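A, B, C and D label the chains in the order they appear, each numbered from 1.
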Amino acid sequence: MSEATPAVEHIGSEHVDNRKLGMWIFLASEVMLFSSLIAGFINMKARSPAGASDVLNVPLTAVNTFILIMSSTTVVMALAAIQDGDRKRLRNYLLATLLLGGMFFSIQMYEYRHLLGEGFTPWGSLFGAGFYTVTGFHGLHVLIGLGLCLALIVQAIQGKITAGEHMRVEVFGLYWHFVDVVWIVLFTIIYLLP
Amino acid sequence: MTETVSGGLIRHGGRKVSDYLVFNTDHKVIGIQYLVVSFAFFIFGGLLAEAMRSHLLTPNNPILGGEVYNEMFTIHGTVMIFLWIIPAFTGLANYVVPLMLGANDMAFPKLNALSFWLLIPGAALLLLSFFIGGAGSGWTAYAPLSLQTSNGQTLWAISLQFIGFSTIFSGLNFLVTIFNMRAPGMTLTRMPLMAWAIAATSIIQILGTPVLSGALFMLILNRVLGTNFFAASAGGDPLMWQNLFWFYSHPAVYIMVLPAFGIISEVIPVFARKPIFGYRLIAVSSMAIAIAGFLVWAHHMFTSGMDPLLRVPFMITSMVIAIPTGVKIFSWLATIWGGKLRFTTSNLFALAFISMFVIGGLSGIFLASVPIDIHVQDTYFVVAHLHYVLFGGSVMAMFAGLYYWYPKITGRLLDEGWGKVHFWMTFIGFNITFLPMHVLGLEGMPRRVSSYAPEFQPLNIVATLGSFLLATGTLPFMVNSIVSLWRGKVAGANPWRALGLEWTLPSPPPIHNFPTPPTVDSDPYGYGEPKARQRLAAPSAPGGN
Amino acid sequence: MSGADPGKQPARRRPNYLLVFLALAAMTAIEVAIIYVPGVPRVPVLLTMSLAKALLVILFFMHLNSDSRWFGFIFFIPFLLVIPLLLVIRI
Amino acid sequence: MSMSQPPAQSERDSVSPPRVFDTTSKLVAFVIGVLAIVAGVGAGMFNPFLSNSASSQGILIDALFSVLLGIATSIFVIVQGFLLYSIVRFSREPDDETDGMAFRGHTGLEIVWTAVPAAIVVFLAVFSYQVLAEIEQPRPDELIVEVTAQQYAWSFFYPDLDLTSTELHMPLDRQVLLRMRSKDVIHAFWVPQFRIKRDVMPDRLTEARITGTEIGTYPIVCAELCGVGHSYMRSQAVVQSAADFLSWQQGLIGAKTRGAGAKPADPMAAGRQLFTQGGCNACHALADAGAAGQLGPKLDGIGTTAATRVLGQSAEAYIRTSIVKPNDTIVPGYQPVMPQDYGQRLPPRNVDTLVQYLLGQK
């Protein structure tokens, strides 16, 4: 639809892509969603006894954070690749992203299993309620991102993504980076802060 | 769905009736889908209200038990807000805003259709929650009561998630459309005020609704998994629900009233044959309300256990909101001043909106003042206030908009005679119903009660009788809007001699709206100015009569 | 990797993504290390570092430093609204 | 603030000629102004809605309300007056197809109607704040009452006197500090005649201060939806002279000592007391305990009928089950609304006492 409108005196007189604008607005909305959940988490943590977060595995999650940051980097590399018109490099970087994202998700599931096994449950304590809700929602976002990434890979393999169509990669990238940013904040708030 | 089965006029150049029953991406089809579905829920919510008002004829009526009564007002509130006012405005905006902007569709047509179709499972779940019972904690669902109620409450919360996503997506869509898809030459200050209003509404939808979603997720998890976010007995925080809920739900009031401001700003100049007064201030005040509306939520909690010190800043922000609202009212009054008023039904509803909304606004100042709120919070005074805002305001404006754009949507005019009957029954019935409730609240009748002290009976009888008149008044509209599809006077492209871009197209507009993109060199309010006179006089303006 | 490729793309120069990545990785390592070092004021230091990391991603990976300023405007408004909400919930 | 359209020429030629304010309009505007002032002052002085408050806090709130009512009435008259006048004055003549006066704004006016409401808002905020600070002012000789709310009953404990009552008794002209807490969901304590309302929370203490200034009996109403029995969650606040308050207090102490003394001999008295303290009386009618609740089944004669309710269940078992697991058997015509947690709320000893007491209701 965006191309239907000829260059108009837009605000700031620059034409922005509909999809990109839409994604930024969506991310603004996501900021509010995560804020409400983080508010819930902080509130629950404040109502929990000191040391409630001692059950969490910080080193493992630090590695996981590193993995997610790496996946963010591969997405942006994929975008650079398709902007240069290099479809093979695009496909490889997207595959790397899928792999890294999948690793992040798997490690998170492993941690969940471990924690549940230790009796740390969503219903057992307020800290648990906040922890599983926030990280769970983030995990859900990762999962959705993985689905989108997979769809992009299929399109890339089919050769549907060309240099002119890099916007698809860019919009997906915005989403994925946002999920990364959320995790950077969550990692600090949940795992590192006393 | 009868409205879509028209006398062949809502064809939009070749639409079939079945197009209105399926996933269709035309913003005009989606607009009609929204309008028809939401109107059906208006009737449903209205019937619930009538049942409750009948119950309240006597102070200790045994007809409805406490449980059923609680569920009825819960669903009444939820339906009227989430399935009538919000989607009906979304529907109307869906139909007219792209036309007003000179766009051929919304920015994301598929997402637009998805927004509508998310509403349907939401609506179905909400109805189901009512029929299995349990959602009896009011539309505000204060925890821990909403943790104690039975299973319908969970369904209620899930249904609001669907509706919430629908709202977020449609807000996103409108923002991108308004930002990016305006006709050549339509700068921000030439944009119709309806578009400004919808942009402001969309901002609230995008930034407010996710907070409700978050709160509802926590409520659902609390009920289903036992994560004790709000369970006071397990150390959770019931006030957190109120904070999160009102962080969305106060701005939601502006979701329901900003589009009304937009409609009034369109209707009044046309029927006063005058430019809108103070265009910029009206546009800016919409945005000011949208943002400042996020800073007042705790005025719903003045009597709750929140920190007493916080009440003062929230009192101040709440009162400050009155200023941009007042600016709009005065601007409309100045728009009428010196005009050549035509009392079409649409204009009558618009004028009634100004008159009624002022009352709702003034009672709002009482509620913003903490000491007075301590007395009137959770009483019938609040019930009166919110209905003056949401019925006297939003619904009156909705009807003003429906009478105004019905000819554009269907190609035929609504019958003015029956329109006037509808208007007067609504206007009189509304005031008889809700004016006495101010007094009831001040004198000590709490809201949400199925039985009350006998001294309140006389005014309750008055209110109930008024509500019968109000409800009956909707019948002429229903008949009118169906019969006029076949029998109404043929409207032509521009029956009101209005300047908006939507009136340059035939009625109803063709499927792809504008065959050639229109260009714009002024705002659509220049009535009485030479340029507008020329334009309206031109016999063959693009798509003209 | 850097601005070597002119491309059909906007004239904006591509940031050095690898450098950004290395900065992020290093900061994560420092963050984790800090919690094992006694005597460091953890809350301000960790929050600042987390904010810096988030900004790095937003500015360079999401290109907010060179893209339309409207995107930044849209994205940062919610943070202003969230602050009072967080404050009130915790008071 | 005026124009949004560049070609200024079209404006000038339309703004200047028509008289926006002719003599009639000026006269009418003057009349509306006078009416607004008269109506505002009248409404403020003879406030017909909130008067005769029964507490000193209420008197201040009523005064604030009167001022606000006056201001609101003035604004109301101004808006509706101009609206009505415009409707009459500017209605189109039949066949008149011309347009109105094409003016688009007036910066001065817009400044006025932004600034005046802003000034009113500042005034109201300051005034409201002063009233708020005054009505919540602690006093040195406050009588402390601990209020407990539960579905659907009120109970009032006087820690200084070690007395519990289901009614709130207050000595005249002495400030009472209510320290309130709920056992289950959120309730709200409200006495309309005192103009004081405060939510009662399950997780934190809330406070309200009331000084009764008129002797009388006033309804206590729950104002926050608290469940199916919300409408019936009522009690009474009694403002009485110091002497009457003293004799009420002595009466209660007497009953208590009698009750305590009689306890071993008379389990019925203990049960009766529990029936009231536990809040059973809010929903159930029982003549012996002076209870008249309507939400649940009547309990007169339950000692006899209990045996006939469920086949194979003794009267005692039936009564016990009905207290700790009330949803097991629902009497036809009633709703399953009794709280499910009396088994946890009441110590087992008290459940026994209640069961014995109810069994005794032949």
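In the analysis below, contacts are C-beta pairs under 8 Å (C-beta built on N, C-alpha and C of every residue); 3 or more make two chains touch, one makes a residue touch a chain.
Predicted model, so just to flag it, every value in this text is computed and none were measured.
J.: Measuring centre to centre with C-alpha atoms, which chain is farthest from chain A?
T.: D
J.: Report which of B-D and B-C is connected by more C-beta pairs in contact.
T.: B-D
J.: Rounded to the nearest whole Å, what is the centre-to-centre distance of chain A and chain D, using the mean of the C-alpha atoms as each centre?
T.: 47
J.: Taking each chain's centre as the mean of its CA atoms, how far is chain B from chain D in angstrom?
T.: 29
J.: Report, in whole Å, the distance between the mean C-alpha point of chain B and the mean C-alpha point of chain C.
T.: Distance between chain centres: 39 Å.
J.: Just curious, how far off is chain B from chain A if you go by their C-alpha centres, in Å?
T.: Roughly 35 Å, centre to centre.
J.: Any chance you could list the residues of chain D touching two or more other chains?
T.: Residues of chain D never touch two or more of the other chains.
J.: Tell me, which residues of chain B touch at least two other chains?
T.: Each of 179, 207, 211, 235-237, 240, 244, 247 in chain B touches at least two other chains.
J.: Can you pull out the residues of chain A that are in contact with at least two other chains?
T.: 11, 16, 21, 25, 28-29, 32, 35-36, 39, 43
J.: Which chains touch which?
T.: The list of touching pairs comes to A-B, A-C, B-C, B-D.
J.: Can you tell me which positions in chain B touch chain A when the two form their complex?
T.: 103-109, 111, 168, 172-173, 175-176, 179-188, 206-211, 213-215, 217-218, 221-222, 225-229, 234-237, 240, 244, 247, 517
J.: Residues of chain C touching chain A in their complex?
T.: Chain C residues touching chain A: 1, 5, 7-9, 14, 17-18, 20-21, 24-25, 28-29, 31-32, 34-35, 42-43, 46-47, 49-50, 53-54, 57-58, 61-62, 68-71, 74-75, 77-79, 81-82, 85-86, 89-90.
J.: What residues of chain B sit close enough to touch chain C in their complex?
T.: Per the touch definition, chain B meets chain C at residues 179, 207, 211, 237, 240, 243-244, 247, 291, 294-295, 298, 306-307, 310.
J.: Okay, in this complex, where on chain A does chain B touch?
T.: 1-2, 4-6, 8-11, 15-16, 18, 21-22, 25-26, 28-30, 32-37, 39-40, 43-44, 47, 122-123, 126, 128-130, 132-133, 137
J.: Quick check on the complex: what are the chain C residues that touch chain B?
T.: That would be residues 70, 77-78, 81, 84-85, 88-89, 91 of chain C.
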